[in-house]
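The first chain written gets the first letter, and so on, giving A, B and C; residue counts start at 1 in each chain.
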Amino acid sequence: MEYLIIIISTIFINNIVLAKFLGICPFLGVSKNTSTAVGMGGAVVFVMTLSTIMTYLVQHYILIPLGIEYMQTVTYILVIAFLVQVVEIILKKVSPDLYQALGVYLPLITTNCTILGVAILVIQNNFNLMESVVFAIGNSIGFTLAIALFSSIREQLDNADLPEYMQGVPAALITASILSMAFMGFAGLV
Amino acid sequence: MATIKSSFINLLLTLAIVTLIAGLSLGYVYQWTKEPIAQAQMAKQLKAIESVVEGYDNNPVNEKYKVATPDGKDSLEFFPARKGEELIGVAIKTKSTRGYSGDIWVMVGFDQAGQIKNIVVIEHKETPGLGSKMTTPAFVNQFLNKHPEKLKLKVKKDGGDIDAISGATISSRAYVEAVQSAFDTFKSSVNHATAN
Amino acid sequence: MPQPISNTDTFLKGIIKENPVFVILLGLCPTLGVTSSAINGLGMGVATAFVLVMSNLAISLVKNIIPDKVRIPAFIVIIAAFVTVVQLLMAAYTPALNEQLGLFIPLIVVNCIVLGRAEAFASRNTSGASILDGLGMGVGFTFALLLLGAIRELLGNLSFFGYKIVEADGILIFILAPGAFITLGFIIATMKWMKGRKKSSTR
């Protein structure tokens, strides 16, 4: 039951993009094409879950026992960078099409604030390993939901008749704000 | 740009050395900031305690102890306030996980009789302009100098004596729940003390 | 052979012409995440500027010792180290601001501006120029956050830097999530409009 609450709150109530403001760069950058957006979302689910597990283990079995919690930022980012490299290599071999489609966005996942953000949040929230995994899966699904919704709106937006200074990023941001308002309606769900 | 060959050993070595240097420098900065950080944290706790109990001359943070809540699910931090040898009150750090946007941490000050002296919100993520109004005197004054045995700690909607914040029933409920939890734990700790 | 740009230009370009937030559209996460008040925006900007200057400096000093292939991870470690320094300093000396900015302080390490400048500038230029570049971008970033934070605080809370101007609630949406998106959207739209007018007036 606890897990269900975590899932609902991470996907809808505290949506990582629309409420927590993490992952804005890929949100505005990738979301021009829905299928790429979903592909990126899938990659994020995979990387986020794995990196959360690994950083959790680093925190609890290396940093805390040695009393070097201040090394959290450095070690976490190394783990994430390393993991993304591994994912890239595997993806190239297993699914070259997806690898091509994601293009430059895959290494960009390293600097994606969502991955590092979630890794730090599970420690701040004092989750155990299982709760952390559920939290990571929930957040990455929430991310995918946000960019998938957004990209399908943006595909329409590109055809709209907007004044020149509104085209592109400004319209995207205002759309995002409306989407964010819509998601605010989920508050109080649990 | 780079003038050293990119052999695999060199790559690993360089990265290891950079990380080592970073780690050592950070260790140094950490040692240097450890004291100020601890002091800043203690100052923050003392500030919250000061606003809910007054007239003490000890350091409540140094004498803090934990008491299990009656339902056994959690334990709250008690900060005893003493004047000389006499215990004049206690500040209890309590929380509710049922805030609108997450946990609400509250510091409640009781005198030894169990009367609420003051309540201060330490941390919350409630909606500005709605739930955030639980820090305003208009809301908090309902609790002051009242005893929870006489003041029903529930919002009026739930049959209690507390006027909830309009438009922020959930925040109000969580706040009240936190205060109730503090009092229940206080009562049980007093009972254990007198039973011994 | 292109004219090398002067030191003043290196510094100034980060503020308006190549403003990292409004023009290059980088570092948007903290821009939206901590600008619910002017002080928060300012604090975040200064913290990021510190990391920018220090990491640009450090990277320009070691750029010839680091093998090409391990360049990015090495830069990231250096940046992460300086971010940790900021984390520790803020926890010790500005605890209130530290709590307000919360998660976004360690997230400076994945702020695309920092790694972007390290890669695009510091790894190819002298230390002096790198410091100026970091400083310029830092000032530009701080300016963007300050502007956004001030507008949101003014409209949403009717206060400026914490001083209430009118004792009433503002248009609350501005200090909430949607408000961040809207304000930034309108600021960028305004800048594009101004650029468009300049272009047509010089024709």
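In the analysis below, contacts are C-beta pairs under 8 Å (C-beta built on N, C-alpha and C of every residue); 3 or more make two chains touch, one makes a residue touch a chain.
Bear in mind the structure is a predicted one, so any value in this text is a computation, not a measurement.
Peer 1: Which chain pair shows the largest tally of C-beta contacts?
Peer 2: A-C
Peer 1: Which chain maximises the distance between its CA centroid and that of subunit C?
Peer 2: B
Peer 1: Any idea how many Å lie between the Cα centroids of subunit A and subunit C?
Peer 2: Distance between chain centres: 21 Å.
Peer 1: Go ahead and note the Å separation of the Cα centroids belonging to subunit A and subunit B.
Peer 2: 30
Peer 1: Provide the list of subunit B residues touching at least two other chains, using ranges where the numbers run on.
Peer 2: 19, 22, 26, 29-30, 127
Peer 1: Name the residues of subunit C that each touch 2 or more other chains.
Peer 2: As it turns out, subunit C has residues touching two or more other chains at 73, 77, 80-81, 84, 88, 176.
Peer 1: Touching two or more other chains, which residues of subunit A qualify?
Peer 2: Answer for subunit A, listing residues that touch two or more other chains: 70-71, 74, 78.
Peer 1: Give every residue of subunit B touching subunit C within the complex, in rising order.
Peer 2: 1-6, 10-12, 14-15, 18-19, 22, 25-26, 29-30, 33, 36-37, 40-41, 43-44, 127-129
Peer 1: Write out the stretch or stretches of subunit C touching subunit A in their complex.
Peer 2: Contact set of subunit C toward subunit A: 25-26, 28-30, 32-33, 72-73, 76-77, 80-81, 83-84, 87-88, 103, 106-107, 109-110, 112, 115, 173, 176-182, 184-186, 188-190, 192-193, 196.
Peer 1: In their shared complex, at which residues does subunit A touch subunit C?
Peer 2: 18-25, 28, 70-74, 77-78, 81-82, 110-113, 116-117, 120-121, 124, 164-166, 169-174, 176-178, 180-181, 184
Peer 1: Per the contact definition, I'd like the list of subunit B residues that touch subunit A in the complex.
Peer 2: 19, 22-23, 26-27, 29-30, 100-102, 127, 170
Peer 1: Quick one: in the complex, what on subunit C touches subunit B?
Peer 2: Subunit C residues touching subunit B: 36, 62-71, 73-74, 77-78, 80-81, 84-85, 88-89, 91-93, 95, 123-124, 156-157, 169, 172, 175-176.
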